[in-house]
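To start, I am sharing the structure in question, which I have written as structure tokens.
To keep things simple, chains are lettered A, B, C and D as they appear, and every chain counts its residues starting from 1.
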């Protein structure tokens, strides 16, 4: 069974996420990205807890966010989270946030995560076996082996 | 040297703390209380880390907050944190938040914390020795023994 | 058609809501209460925006929260929000948060809101007509008139 | 009198900013950047409220953050905020966060802001007069005119 490498969720803008200009405060988009990443992880058994059980933590080492339009309280958001394969021992996601009613693109962004051993926080230079296996299962083998 | 059992700090309202009505979102006052409690702890060597080194964590088990007036972005806050002695193995604080310019009372509140052993999260039914010692040093012995 | 005066939603504990002790930070429960209140408002057309369109804002003037058990990352929460009728021009909610898997009661709490005119922030001493109408529709008339 | 174009502040890591791994959650660095930007604005009368009084809002349109090391509860942070002049009607800041005790570089980042008229949210294609004046006063005229 083929699973999509794009996960899509929808959620409402919360009252507490909106600033005094009536728009979502820019910092809350980092949480929206994490919401998307977590939904992706839930679909693929790759949530933080799954990594942890395998002996790893996967902290964010880089984040980028570009704001195109604003969201307001009462708006509904589509969060599109796309896993982007790469050869190194890293996890890259791209994000697209859309206004669910107008379909307009609101924000784009990306994150990079690395693998650390959960106890010593030592950087892993090769992909852990279970993650490499997952990539193969997704048909990402060629990409990963390039 | 006598230390006051009231700690007072001042800080600015942050842009991100204000909601679309232009006032501090009610949930952020819980953080202001923690800011006050931490400042008190810094003064008395009773921060979370100090409790932890002694083998305890001190989670909040009850919080109460009453809102009298509003704060806006640009306002400056006075946070008054008062330790209120009690005989049981609990830590009670009362809070008063004032507008630093007008002197008006903005919010009152209180919190109660208990002692848990840091490893098993077991509730402690008597005050840990180092905390009882601190109370005595503060001249709270009579109060504590009442 | 009869609508329940208890609204129930379920949601996951987010990674960012958990503190260094591995448990949900006490301040985030204020957001969970708002999540519950918003879900209730969505069911009854009584969200912040609905009040605003009628000319009112309904700030929290009092909040109380009692913590019985802890929640961890990966836990699923049930948020029960109950409207509690009262005669004065106030809105009272009670909250019960449960662990969705074990059914254990985690937190109880309550909030009180008042009606202010949206422009002058003037306190309203009687219930606005549309809100009184809603209470009658809910069969809360006797209660309200007591 | 010459003002520095680098603003430096120090602050403590808060308990609520730390996640279950015992390190500051990556999303909180966006707030640290805003803390730095606000301190810069306070020094130069260029806070959000100052822009607003002049008729403008200055939303973030791009943010980038690279994480080199971790911060823990109890750590003290140095936030260095540097204004980086540019000809277009934009405001660019670079950030460096350091561990105040070890001096180690923890995070680098940057933000870009644009000018919108406060009422219509219309994008301004040239720098507002008061901001151009400020740049000249800072001796950034040549840079700005390049």
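In this section, a residue touches a chain if its C-beta (ideal position, glycine included) is under 8 Å from a C-beta of that chain, and two chains touch if they have at least 3 such contacts.
These numbers were taken from a predicted model, which means no experiment stands behind them.
For the pairs C-D and A-D, the count of C-beta pairs in contact is higher at A-D. Using CA-based centroids throughout, the chain positioned farthest away from chain C is D.
Measuring from the averaged C-alpha position of chain B to that of chain D gives a distance of 31 Å. Chain D has its Cα centroid 36 Å from the Cα centroid of chain C. Separating the centre of chain A from that of chain D, both taken as means of CA atoms, is a distance of 25 Å.
Residues of chain A in contact with two or more other chains: 15-16, 21, 27, 31, 34, 73. The touching residues of chain B, counted against chain C in their complex, run 21, 23, 26-27, 30-31, 34, 57, 59-67, 70, 121. Put simply, chain D touches chain C in their complex at residues 15-16, 18-22, 25, 27, 73.
Residue ranges on chain D touching chain B, taken from their complex, read 12, 14-16, 31, 34-35, 38, 47-49, 73-74.
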